[in-house]
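Have a look at this one.
Letters A, B, C and D name the chains as they come in the text, with residue numbers starting at 1 for each one.
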Amino acid sequence: MSRLAEAAASLVEAGQRMDARNWVPGSAGNLSARIDAERIAITRSGVHKGRLTRADIIAVDHAGAALAEGQKPSAETLLHCQLYRLFPPVGAVLHGHSVAATVLSQQGAITFSNYEILKAFGFNTHELDVILPVYENDQDIARLAAWIEPLLIREPPIGYAIAGHGVYAWGTSVEHAFWRLEALEFLLQCELERRRLK
Amino acid sequence: MSRLAEAAASLVEAGQRMDARNWVPGSAGNLSARIDAERIAITRSGVHKGRLTRADIIAVDHAGAALAEGQKPSAETLLHCQLYRLFPPVGAVLHGHSVAATVLSQQGAITFSNYEILKAFGFNTHELDVILPVYENDQDIARLAAWIEPLLIREPPIGYAIAGHGVYAWGTSVEHAFWRLEALEFLLQCELERRRLK
Amino acid sequence: MSRLAEAAASLVEAGQRMDARNWVPGSAGNLSARIDAERIAITRSGVHKGRLTRADIIAVDHAGAALAEGQKPSAETLLHCQLYRLFPPVGAVLHGHSVAATVLSQQGAITFSNYEILKAFGFNTHELDVILPVYENDQDIARLAAWIEPLLIREPPIGYAIAGHGVYAWGTSVEHAFWRLEALEFLLQCELERRRLK
Amino acid sequence: MSRLAEAAASLVEAGQRMDARNWVPGSAGNLSARIDAERIAITRSGVHKGRLTRADIIAVDHAGAALAEGQKPSAETLLHCQLYRLFPPVGAVLHGHSVAATVLSQQGAITFSNYEILKAFGFNTHELDVILPVYENDQDIARLAAWIEPLLIREPPIGYAIAGHGVYAWGTSVEHAFWRLEALEFLLQCELERRRLK
């Protein structure tokens, strides 16, 4: 199987798992994986990410341009490309719209304090406060990417949220990216519950 | 496969997906699709929409009358027919009862503000306030349809809710209608969570 | 297939559906169906109702006594027998422990107002207030049954809850009982959400 | 099938059931079963507990040391070993991270009052207040185990929570441990809902 086909198979499965959690309503969300030094596999625009087929995953270059004619990559492709460029170990990026992420990101800053599962992001203790950056939404994706570039470089985050829009999570592989998305969504759900209690 | 059989297969699957989300408790909800210029396929009355078989989908004309003897279409057939009549691009209509839709529709007006997923309804920005109309419930469906007709014409909505009863969503195909129902239910769930936080 | 085997197959499936909704945690819950004029099929005591096998469904008489040696019927068998005795049309009884039912039943009286889905219980309008009786829990099931008998006769309810314990729903068949349990749980979930909002 | 293989098969299945409930996000959680007088089967470190294979279950001795080279048992192995040592009837231990357990354990003491499902833990009445101990989290697992040892001996609990970290449940077999984990998570969910209502 070619590398593109392998990446596609992983992304199709990741989309099904995200859909099972209701993280990709309608045609929302996008998923990608690094194929090699030149190419990224990413979901097409306008498809349901829980019902992807091999044909819905297309190859783009690192500037986000489709490598085959007639294929329209995700509108948010540049945000994926940016992460692969800034962080060489990144092998996959997953973006979903969960209710928790969407609602909390509209309420301002998000900080996770003293959760054991923070260790999933490489920390070796639970005794800390970890910020999940929340960026303003912007329909001009190039502008949004340019705006967050210095922020990502200065303080590489565990992931990020776009207000009213959802979260971006990444990892060394599609499987690892899914674990981190799962951990992030778990933390967001905990925060939502915690804020309701106080 | 005949057009009715095709439409039926799509509706049976849509019902299963709605049931997996707990949107069709008991015998609640109804699903339809436009077959051709004369006929609409719609779920029979009194069946569980998550466990439909081909025989549970019947053909009606645009006045809502069953085209085969002994078949009882959904009690809410006229609401489906109205949407096909008023909006020619509509190819399918899905009505479910989610907890979020039922509870919020009893609380008054519903407005979604600044959600990225609003773009699923054709808007090209997230920076807006979109109203989801909430209509009073009425056991006389013909009367209800007559009452909402001018409202639908004057300001075609992204969908609508009936107080204490659930939502109606539509699209160009069963798949597209499901995406829009999913997006609507996602927004309603976000609203429920948002209101609990403030 | 014998009638007991048929009833057992339906109950095994109903248990799986209840488990999929998290309504039968651990060995909680019990399910039964009327076999004929003399016998009732009911789940054994001490088994997970989401993973029933044919052997976990046993026959009891109308006094709740097992009809085969060495079989221990559900501790709550008498509550099932009572419903079959008082209401001849009843063909199946399902008892589950949902979070909504358990929590709300500890808060006092439960009334459902103006929900469309109330029509699932035989009403022909949504414009009413329907009470779901909540009975005190009691480890002496015979005593509990004797206490609620006059209440059930005087005002046959749409189902009932036992405080901190869950709900009982019934219908003309296992499928019909499941629809009514689903509708009841939907209403309880709506009530839980509604009370959180105000 | 060897005893280790049997235990592994049960644990793989338990992991899938826990994952279906979202109790093992990312690589969180750990599952074990007593093989015989000398050995315990436990999940490897750094794997997703919802997608375990036979190779992800390894044998350790009662001091928590892996019995085959190159295998890294769960970081929390000592907590499992402690339970097998202190409570001879225990045949399996399951540890998950649910949102309810994580959030409530950060809020202080947890007491369950008058829930029928408490009978799943061996009580013969529902009329009681049962404490679920909450222990401070500690990255030094040996130190954590030493600290809780006298507490577990003095008053054997129905399970325990580690603040911001999740719950530990145990039973005579993997199936029995899952029932008790399910009952515990049900109670935690009820508590979360109850506290939101008052």
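Operating definition for what follows: contacts are C-beta pairs under 8 Å (C-beta built on N, C-alpha and C of every residue); 3 or more make two chains touch, one makes a residue touch a chain.
Not measured: the values here are computed from a predicted model.
Both copies, chain C and chain D, contribute mostly unmatched positions to the interface they share, with under half of the numbers common to the two. When every chain is reduced to the mean of its CA atoms, the largest separation from chain D belongs to B.
Chain C and chain D, compared by their mean Cα positions, are separated by 31 Å. One inter-chain figure worth recording: chain B and chain D are separated by 44 Å, centre to centre, where each centre is the mean of the chain's CA atoms. Contacts with at least two other chains are made by residues 196 of chain C.
Chain contact topology: the protein chains form a single closed ring, every chain touching exactly two others.
The list of touching chain pairs reads A-B, A-D, B-C, C-D. Across the interface of their complex, chain B is touched by residues 21, 114-117, 120, 124-127, 175, 179-180, 182-183, 185-186, 189-190, 193-194, 196-197 of chain C. Against chain B, the residues of chain A that register as touching in their complex are 22, 25-28, 48, 97, 99-100, 102-103, 106-107, 137, 139, 162-166, 192, 195-196.
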